[in-house]
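One chain, subunit A, appears in both complexes that follow, with subunit B as partner in the first and subunit C in the second.
Take a look at the complex of A and B:
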């Protein structure tokens, strides 16, 4: 009975996934064909406004091979990844801790929340001047701006997750005489994990969004610099290539985070 | 040991103009190893009675004590079985049952036989490594009962434990609980709105009035049960057809109906 249920569900799972992949591939292919038709084939969009596939491919190869804006693709990507990962990891560690504290302890929430509410409406990019004044034009200032942007969703989602924990689960833990530290690690955190991961995904997105802007200022390498230089060179194919790289990197990291999530929340699908 | 004593207990919710008197002058003694069920109209405060014994809420006046000790906080000496099971979904069946023993800092070697015993008691051996969401409602409530029993509590508090189960599973669980009560007698405070369930399971049934809840009567079931030898019947329907059962049930029903 058990085995039967499993295989049946397994098939039910596979089909929507395959169908989704099929739809995704089809959509992307259609977009590629439309791009080719509108630019190279018919010339409806002039290559001065939007580059055709061949020009973009050439720019991509230039970025990968000889390099552009002072370095090759690998160096640019490594620099950008360093900033995004550094900022994201620091922001999520801090954000999840503060969020747990706020959700767990009313006094902590009363103390932190007013400051948080005041700082939240300030766009992260408005911190760039201050970050440069404090930390100079190096990586530290850029990471600081990314941290500020990525911190917010982690805090909000984590504290919401903690606050919305099922009250009977809390009562069950109290009835079982659960000590504070174990309550934190074995009840509160696992119960909040779905919300925490929602926060982490949004934080990761915020980190990428802020990266390009942060790199527009005084960067020596990075995808943001490529975009900036390509704009000054009036080189649309290179702009498009850099945007494509950002898109793929962001997608890959979200995918990776999804894998971590399904591992951490394995009990949900076991 | 495990006796529960409600002494002149009042419970008021809210303050100022929004004040709501939930319970008034509750006096009840549940003796050691006695099974007492509380029945009453919905909203009469019967669940509040149980929650105060558990230590989740405090009386507004009067005291509640277990074995002479006034209750001030929840603890594993008063194990609760919740209507909605309240299992930890990220822990396996074994992990859920083991939690309370780990909290007592019991060494692993000492825990293992107790957990195995609880699994066996509730026929859960083959599901020890399953997660709660993989089990049916009835199985989940078995886990919750095992989690309570393994603590060896002075009293067991059951808050409409079968209320979320379908009718068939409910009957199975009721028979199961009777089997447990004979195998391993406990002091039980059992909240239900099913009169049949109360008469079938309990030694005594306390009937509560509408809000503010008072205990308007206590019916002794045990004397009738022993005299009529209900315990010789294996199945619940055999008991429920007996004249003595029907008589008790309709008496309690009449008393409750006055409250509607």
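Take a look at the complex of A and C:
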């Protein structure tokens, strides 16, 4: 598939990458100009529905400087990142372990799977009211929903990864009499690492979406709270700024995980 | 890898797992370690569920809340499919459209769908339009991405044969690209259905005056854990049912048209 995609890319153009970058920059600039024209210049879109660039800039400076919804941008971002990363790390450590166990040991899988199938159709966001009932509006409730959200994808992808390891590798290790723990650390884990990372990416995404939702429902700080307060104040410029922050943070986290992945999977000639 | 288990063994282990799960739950509650208001017995949730089927809570019975949710859900999901799939096919066929729209969607992709809630409420209100926009935000990208990917990886000899025979753009898209990328599209619809359902629940938790999410928020406000958990059960059941339906569709399409790209 990869090779196919590359030949496809190469068709027609001499330098497809440069052309794409050029078109992307042009599109985004055109969008920026259209935004300015539709709001500030002509007022076709009223500022009550969508903010103009100047108001958005002012809202961003307010968020960064004096602060909004109780604290400054740095405090909100630190709060959200602390929860999402903490919850994600805990859930993925747990999820990968359970996934390895389920992929490796059929009895464990048969034992755990039905319970898992029972809980899986409940979307993570549906746990939010229960988390608030149990743990209130503080950090603990957020961590609970993030852990639930991030746990499932890491378990599924890890166990699938173990199951789909090339049987030749497994048998070779067996035949050579590899002891259990070495088999675990040198065959099982490395061979399922690509699938594990697919799971981690999905986990991280789910964790971030769930945290933003949980903070929107109720929180004391965090970027979701900024969105919520801006909605109640009917402050479109602040809504847009907060959405921008949500997007940038989501992007940064994906980027970071991508770096970890290319480091961990360096042995693969990808 | 260990040898496969016998079917009977799988069932036996599964039963042990489930019984253990519910036994621990029951023992924890009966021992008084946690109060009933905090964690009700499994049977209490079932009782509450059947009670809500016929008795009104937060303005409506459970089936009425569910119907309100499903009504919104279908609206948002169909809108996402009707916009996302054709747009994805067009982007797969016309390179210039792909080049123009991809940077925009790449940027929007990182914004969690639920973060659209404030604008959705501001633009379309909290009744019907707002939640529909949230579902749309959740379900749109899998529809678009899978149609796009399906159309791009259509066997080049098919599209070349079509263009050699003088087939126009419109007919190439509807009669070559669409059927050839159908397996990928249906797979995308299944992912979209799950994400859309989850976005709807989120939207109803934050803004809505009826629906299953609203019922759960009211249950939470009244400290009725059993109502909240009955809501979770219904959400799970509906989500599970929809996923099964689309899985069947996926298999039917896959059988007729080969495996997805």
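One rule holds for everything that comes next: the second predicted complex is superposed on the first by the 235 of 270 C-alpha atoms of A that agree within 3 Å, B and C clash if a C-alpha of one lies under 4 Å from a C-alpha of the other, contacts with A are read in each partner's own complex, and residues count from 1 in each chain.
The working rule: contacts are C-beta pairs under 8 Å (C-beta built on N, C-alpha and C of every residue); 3 or more make two chains touch, one makes a residue touch a chain.
As the structure is a prediction and not an experimental result, all values here were calculated from the model.
Once the two complexes are laid over each other on the shared chain, residue contacts for A:182 go to subunit B alone; subunit C is not touched.
Of the two partner chains placed by the overlay, only subunit C lies in contact with A:31; subunit B stays clear of it. Touch criterion met: A:190 reaches subunit B, while subunit C stays clear of it. When the shared chain is aligned, subunit C comes close enough to touch A:133, but subunit B does not. In the superposition on chain A, contact is made by A:172 with subunit B only, not with subunit C. Between subunit B and subunit C, the partner in contact with more residues of subunit A is C.
Applying the stated contact rule after C-alpha superposition, one finds that A:217 touches subunit C and leaves subunit B untouched.
Shared-chain residue A:242: touches subunit C; no touch with subunit B.
Shared contact residues of subunit A with subunit B and subunit C: none. Across the interface of their complex, subunit C is touched by residues 1, 4-5, 8, 12, 19-20, 23-24, 27-28, 31, 49-50, 104-107, 110-115, 118-119, 121-130, 132-134, 163, 165, 167, 170, 208-209, 212-213, 216-217, 224, 227-228, 230-231, 234, 236, 239-240, 242-243, 246-248, 250-251, 254 of subunit A.
Residues 1-5, 9-10, 13-18, 21, 38, 95-96, 99-104, 107-108, 110-119, 121-123, 152-153, 194, 197-199, 201-202, 205-206, 213, 216-217, 219-220, 223, 225, 228-229, 231-233, 235-237, 239-240, 243, 261 of subunit C touch subunit A in their complex. Of all residues in subunit A, only 166, 168-169, 171-179, 182, 186-187, 190-191, 193, 267-268, 270 touch subunit B in the complex they form. The touching residues of subunit B, counted against subunit A in their complex, run 54-56, 73-76, 78-80, 82, 84, 86-91, 99-100, 102-104, 131, 133-134, 147, 151.
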